[in-house]
Amino acid sequence: MSFKEMDWQPLALVPVLALLVLPFVGSPSTWLTLTVAGLAMGMIIFIIASGLTLVFGLMDVLNFGHGVFIALGAFVATSVLGAMGDYTGSESLWRNLLAVLPAMVVAMLVAGAIGLAFERFIVRPVYGNHLKQILITMGGMIIGEELIKVIWGPLQIPLPLPEGMRGSLYLGDAAVEKYRLIAVVVGIVVFGVLLWTLTRTKIGLLIRAGVQDREMVESLGYRIRVLFVGVFVVGSALAGLGGVMWGLYQQNVIPQMGAQVNVLIFIVLIIGGLGSTTGALVGALLVGLMANYTGFLVPKAALFSNILLMMAILLWRPQGVYALSK
Amino acid sequence: MTQLATHDLTVRFGGHVAVNGVTCAFEPGTLTAIVGPNGAGKTTYFNLISGQLKATSGTVTLGGRDLSGASASERTRAGLGRAFQLTNLFPRLTVLENVRLAVQATRGGTHRRGLNLWSVWSDHADLLARADELLESIALKDREHELVANLPHGDQRKLEVALLMALEPQVYMFDEPTAGMNHAEAPVILDLIRKLKADRSKTILLVEHKMDVVRELADRIIVLHNGTLVADGEPAEVIASPVVQEAYLGVSQKEAA
Amino acid sequence: MLTRLLSNDYPRSRVLAVILLAIFVALAVTPFAIPGVKALNVAAKILVFIVLVASFDLLLGYTGIVSFAHTMFFGIGAYGVAIASTRLGAGWGSLAIGIGAALVLSLVLAAAIGLFSLRVRAIFFSMITLAFAAAFQTLASQLSEITGGEDGLTFKMPEVISPSFDFELFGQAYDGRLLCYYLLFVVATVLLLAMLRIVNSPFGRVLQAIRENEFRAEAIGYRVVVYRTISSVLSALFATLAGAMLAIWLRYNGPDTTLSFEIMLDVLLIVVIGGMGTIYGAAIGSALFLVAQSYLQDLLKLASGAVAGVPTLAALLSPDRWLLWLGLLFVLSVYYFPTGVVGRLRALRAAAPVRSPSLPAAPAASPQKRVQGDYVEN
Amino acid sequence: APLAWSQANEIRIAHIYSRTGPLEAYGKQTQTGFMMGLDYATGGTMAINGRKLVVIEKDDQGKPDLGKSLLAAAYSDDKADVAVGPTSSGVALAMLPVAEEYKKVLLVEPAVADSITGDKWNKYIFRTGRNSSQDAISNAVAVDKDNVSIAMLAQDYAFGRDGVKAFKDALKKAKIVHEEYLPMTTTDFTAGIQRLIAALKDKPGRKIIAVVWAGGTPPFNALADADLQKRYGIEVGTGGNILPAMTAYKRFPGMEGATYYYFGIPKNPANEAMVSQHYKQFKSPPDFFTAGGFSAAMALVTALKKTNGDATAAKLIPAMEGMSFDTPKGKMTFRKEDHQAMQSMYHFKIKVDPAFPWGVPELVHEIKPEEMQVPIRNKR
Amino acid sequence: MSDNLLTLSGVHTHIGAYHILHGVDLAVPRGQLTMLLGRNGAGKTTTLRTIMGLWRASQGRIVFNGQDITALPTPQIAGLGVAYVPENMGIFADLTVKENMVLAARGARNASAIDQERLQWIFSLFPAVEKFWNHPAGKLSGGQKQMLAVSRAIVEPRELLIIDEPSKGLAPAIINNMIDAFGQLKAKGVTILLVEQNINFAKRLGDTVAVMDNGVVVHAGAMKELAENEELQHSLLGLAL
């Protein structure tokens, strides 16, 4: 999409929202803290939702089991980081990263591998049928969660943030947690890679076409099955990465953590419009900001802020902010 | 006299004007063929009349009643019937159920247009009888219990027409009813249309690319080109006109001569 | 007579008819045939779920609307009874008021949702109802003044259907719970037959048409909005009644009991196991599922005892991991019962004569039309 | 009949708890403690007056309706004489009327809601676990000084609100300047913390954020990351918790609060026995809810010994009212009025010890039952 | 040269419990245009889908270019140089016309990588494809969709074109263009297999013809022969060519 053709309105929504609430918040430093934290939170949400933009957004698979890969990633991280106490205990950010990076890689590999099996046994029979997808992936989710309990136990496991990533940085009077800044960097990388793959290669097109008419794509000579498997695996791996980020953010992990974020990430995708990576990013940022602003201004409404946001967006654009064609 | 008329009917998709200020009236007892190149706006014109699309401007009236603001279902109940160019049925219901649904859709009766919650569907024998009759007329009676999804394309096209017949509207709109239909089968449909014509009280609109069919059936031809009505008149006269010869039939003046 | 009762919608399979009859008889005699509180509780829950699941089938199987907010109405019914009985004291009057108020609230909400469902894509609609249901559950626990919050409400029932009402029958001592059970039994039977009647009415057929092809249903003259809304409302009202039944039986209600997503999932699973769009599936599915669910842990206890020596296997078979097996049930039921028990049984019968109509096409045969409203006509 | 005979020779105890569900981790600790406690209290015989103790375990999955039917089934189908449990307050509240219907004792452990021994109470109900008021009052006692400003941070539901209310009622000197309720599912605390800072930062004297939080994502890491102590001189205070949750306490050396139990604090034979037994079996110390289960077992055995093994409510209730018994937390007493066990709580201060993955609470002061005015809220 | 690019021998196909093809024998000579005719429901579409591997033959053999493709997966069959236009056209409605074309051009990563000369040729045959290049394909008119479907099949050189009713819904002028196009393709050595109802088409283009009924081929031979023999036409098709 060229620069000119780009639809800027949804992107503008983010700064507009931020500026709109400034007078209500009053103190600029508080506003800054809330805004930066909200944006960074949005980035974390984007990372955990990014896998689903592929699986649900593009492949049109209503994967309720997505959360299980998030949990899996987080639990794998506890094992990896637990074994690398030297590195996580160090005050040096670089040594910390040396521990966190392998944790991410291993989590992605494990989640990807499980994703492969998940696609084969759970998802493959139900492509194209939402209802069955809901049921079977729900079953997959329950099984996955229970298996996590069998392996790691049903208890909450602490996942302490490495020393060097703790604490905050200060912009004047406003505090920003260091970890959130790291999340922003990771989020931008994920976003960039996804966007590039989907717009600069034929993969995005093929998946969208495959969802509409699988047989036709095969008749054109593409091995759509292999592609779908691949995309599903990547989606699962991204969920694993999201799990590491989310687990480190919460600093403890429970087997149910995947189920807990399920609704949230679905909301993000709906706001963003199915299949749009940029939309998912916008959705995540809006959700992050809204949560903080309402939490500060009208805490009672914070519980419903996501839903209200989603309703408002759908009234404006019933297909989400960036709907693919149509 | 119920007369269908469109006045200055226009629809725009972004910058593209698909139907451009078409004013035209259709009299009962006449079969009007609408011809024009692919993308000329024929189907879109139908969509505007039957309410599948909302017009950007202009009006649709039936017997003097303005239907411009009415929904598709309201227009159908008012007497505008329509068959689709791409087959559009209820795939996982049987052939018989498809037709019966159409029979009950526009007529009152104890079933109250399908709003009756508390009677048993199979008790409405009058619906069944009418549906049977229709299936007989399109030679699909022997497949009446088959799911529509399993019918070959040609039979689905026939069923598409049967649904329109079942509505018994004032105005019949056929959109390429014989496309994809074998020459052994097409006459079944054409016979039905002939019978309708004989009735003399119905208004019939027909979009068709097969000129032999048009020549035989049409009392009048209108030509759409780029959304605009460019010719209207006696079949022979219109077919001979240069617009049709060149833009539509692809015959250059020389060849025609 | 039977034809009238069953609205001319026979099970259309001998095995199916036998199973249905067996379930009916079993439920009718449970209090006398099987001793114990647990069996009675399971049977009562089956009765409630038959109504709940059938009401959902009306929406999902017949109208093709995937809503996750169905338990909301279930909850409204239960809260109606709970709140009225808590506030106004035990009595038939408060039951009537509670159920009445609940029905009205459900009607309004369902109509609103039905109208809204037309605005957005089907898949979005499902996700929205998911969020909506979650919000409603939160709301129910937030309004703790009225609803008792997380802890829920415990209340009493009219004397005759309470455990404290003792009476004698054929020389045996019984209490009011027996009467309560038969009250539920009669209500469930009547409601199920009513729903069977509705889906086999001309209205029911139009719903199926809308499910199949909304665009065309509108084109042949049906006001889809109206039918959809009525269907939403009807299914919500039946769910509300199911909720009331549950509250009457349990004499307790709380957010987890009637509003949780878990129940929604159970309902979905039961519909699919039983067979979507059949109503009968609700009865079979509920009986199968609830019996399995209630006795799964006991069963696993036996199994894990048997393999106590094998560590991993024992861990997997531990009664604490019963959900694992439930999850497996989800997966397997989609694998092996794509058309549900009812569909399976009917297909068995139909398989004999060649070219029989009710045989479903192979799954891959018809490329799935994705979402309603995708029919872009030209 | 042999069945009747064997039952006559048994005392059947139903333990209903969350073997699965969200509180699975807590429920299992209770069960471990309960079995250890029975073993310890009967001197390893698992019998009282020649009658064997039989424990029937049931899984309520954290669902009140299920708990209710399980209890009914336990009393009626399984012929349980008494029942113990459950883990969640919601389940407990649904169970209370069942005990009354069947006229059998229900010993509540560890559900905490005040109303269990408050307005929803009936005479068949006893509780060894602490109630919300005891929690809150002891925590209040730990910070109640002159010139202290407190902002409360609590979960927005019954547990949080009750806790804050009881805490407020118990304060005599300190001032509450703000109450912040956040949804139970909160994961991002930025907004809440900003509101707390705004409420507290300009207050004179000691400034404390008192946290009432159970389960979910606790706010401690977020509070620690905000550097409140350094930037605004704001401290954080909270009660005890299970050990995994106390890893976050490591970031608050010196934090004060009051806990129900930490294995290193009480010094008595029962606790020593439990700790060593637990290390032997699991290679880890007993936790919060283990102690509760152990206490319930000791209460039950003490009562049954008093009635010579008669487990009918008619005998048990009078025996238990006012009864004192030993537990890992020292002596507890069932108060006659509402059957709540009065017990010590522990005012602690967190120390960071690299040997433990969690922040170690060191005893500052044992708050004896006499020091706490726990209100009686039931109607007899 | 009379070697056959594609031969079906004794092909049976079942769909679910239905037995649709009862031993189809069909030969498609290399470099020629073969017409497959028959009543509605005769099994023409099923035959084409079986060739593409979209339905599986339960019996019999399908050989393409000397290679047995009976059990090959669809993408591999397509990869051998077969282009297929299904009865329902198989348009990706959510994608633009351009994107539809890019997908059809297997060698091209984006629109600019499509062979420009060929593309211009397609534009000249089907002006609508150029005109609506950036529009969602789902919004095209019925005939325009058909043009797009055929354009996709010829955007790159293929050995065999299989098209189910190419002229359906097209205006006469466009049908003429298409007949020209097939003529040009044939001249380049492309083999074509068409299911077609349009007589003009059949008469003007067909080299060989096969007539199906009830799931078997009941007549096969040269087009000319059938066109000249009215009796045969009546008995086979109930129509006059």
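For reference, chains read A, B, C, D and E in written order, and residue numbers begin at 1 within each chain.
As a working rule, a residue touches a chain if its C-beta (ideal position, glycine included) is under 8 Å from a C-beta of that chain, and two chains touch if they have at least 3 such contacts.
Remember, it's a predicted structure, so these values are computed and weren't measured experimentally.
K.L.:
Which chains sit in contact with both members of the pair subunit B and subunit D?
P.N.:
Intersection of subunit B and subunit D contact lists gives C.
K.L.:
Could you work out which chain's C-alpha centre is the most distant one from the centre of subunit E?
P.N.:
D
K.L.:
Could you let me know which interface, A-D or B-C, is made of more C-beta pairs in contact?
P.N.:
Counting C-beta pairs in contact for B-C and A-D gives the edge to B-C.
K.L.:
Whole-Å distance, subunit B centre to subunit E centre, using C-alpha means?
P.N.:
About 29 Å separates the centre of subunit B from that of subunit E.
K.L.:
Let me have the rounded angstrom distance from the C-alpha centre of subunit D over to the C-alpha centre of subunit E, please.
P.N.:
Distance between chain centres, rounded to whole Å: 76 Å.
K.L.:
Let me have the rounded angstrom distance from the C-alpha centre of subunit A over to the C-alpha centre of subunit E, please.
P.N.:
Chain centres of subunit A and subunit E, defined by C-alpha means, are spaced 45 Å apart.
K.L.:
Roughly how far is subunit C from subunit D, centre to centre by C-alpha average, rounded to an integer in Å?
P.N.:
Once rounded, the distance between the two centres reads 38 Å.
K.L.:
Please output the residue numbers of subunit B that touch at least 2 other chains, ranges allowed.
P.N.:
43-44, 85-86, 150
K.L.:
Multi-chain contacts only, two chains or more: what residues does subunit C have there?
P.N.:
As it turns out, subunit C has residues touching two or more other chains at 138, 142, 320-321, 323, 355, 360-361, 365, 378.
K.L.:
Would you please write down the residue numbers of subunit A that are in contact with two or more other chains?
P.N.:
154, 212-213, 215, 303 - these are the residues of subunit A that touch more than one other chain.
K.L.:
Touching subunit B in the complex: which residues of subunit C?
P.N.:
4, 7-8, 197-198, 200-206, 208-209, 212-213, 215-224, 226-227, 230, 234, 355, 357, 360-361, 365-366, 369, 375, 377-378
K.L.:
Any idea which subunit A residues touch subunit C in the complex?
P.N.:
Against subunit C, subunit A makes touches at 60, 62, 121-122, 125-126, 128-132, 134-136, 138-147, 149-150, 154, 211-215, 263, 266-267, 270, 274, 303-304, 306-307, 310-311, 314, 318-320.
K.L.:
Mind listing the subunit E positions that touch subunit A in their complex?
P.N.:
Residue list for subunit E touching subunit A: 52, 54, 73-75, 78-79, 84, 86, 90, 92-96, 99-100, 102-104, 106, 109-110, 136, 138, 152.
K.L.:
Within the complex, which stretch of subunit C touches subunit D?
P.N.:
Of all residues in subunit C, those touching subunit D are 35-38, 41, 138, 141-142, 144, 149-152, 154, 163-164, 250-252, 254, 256-257, 297, 319-323.
K.L.:
Going by the contact rule at the top, pick out the subunit D residues touching subunit C in the complex.
P.N.:
That would be residues 19-20, 24, 59, 62-65, 68-69, 72-73, 76-77, 89-90, 93-94, 96-97, 101, 113, 115, 120, 156-159, 183 of subunit D.
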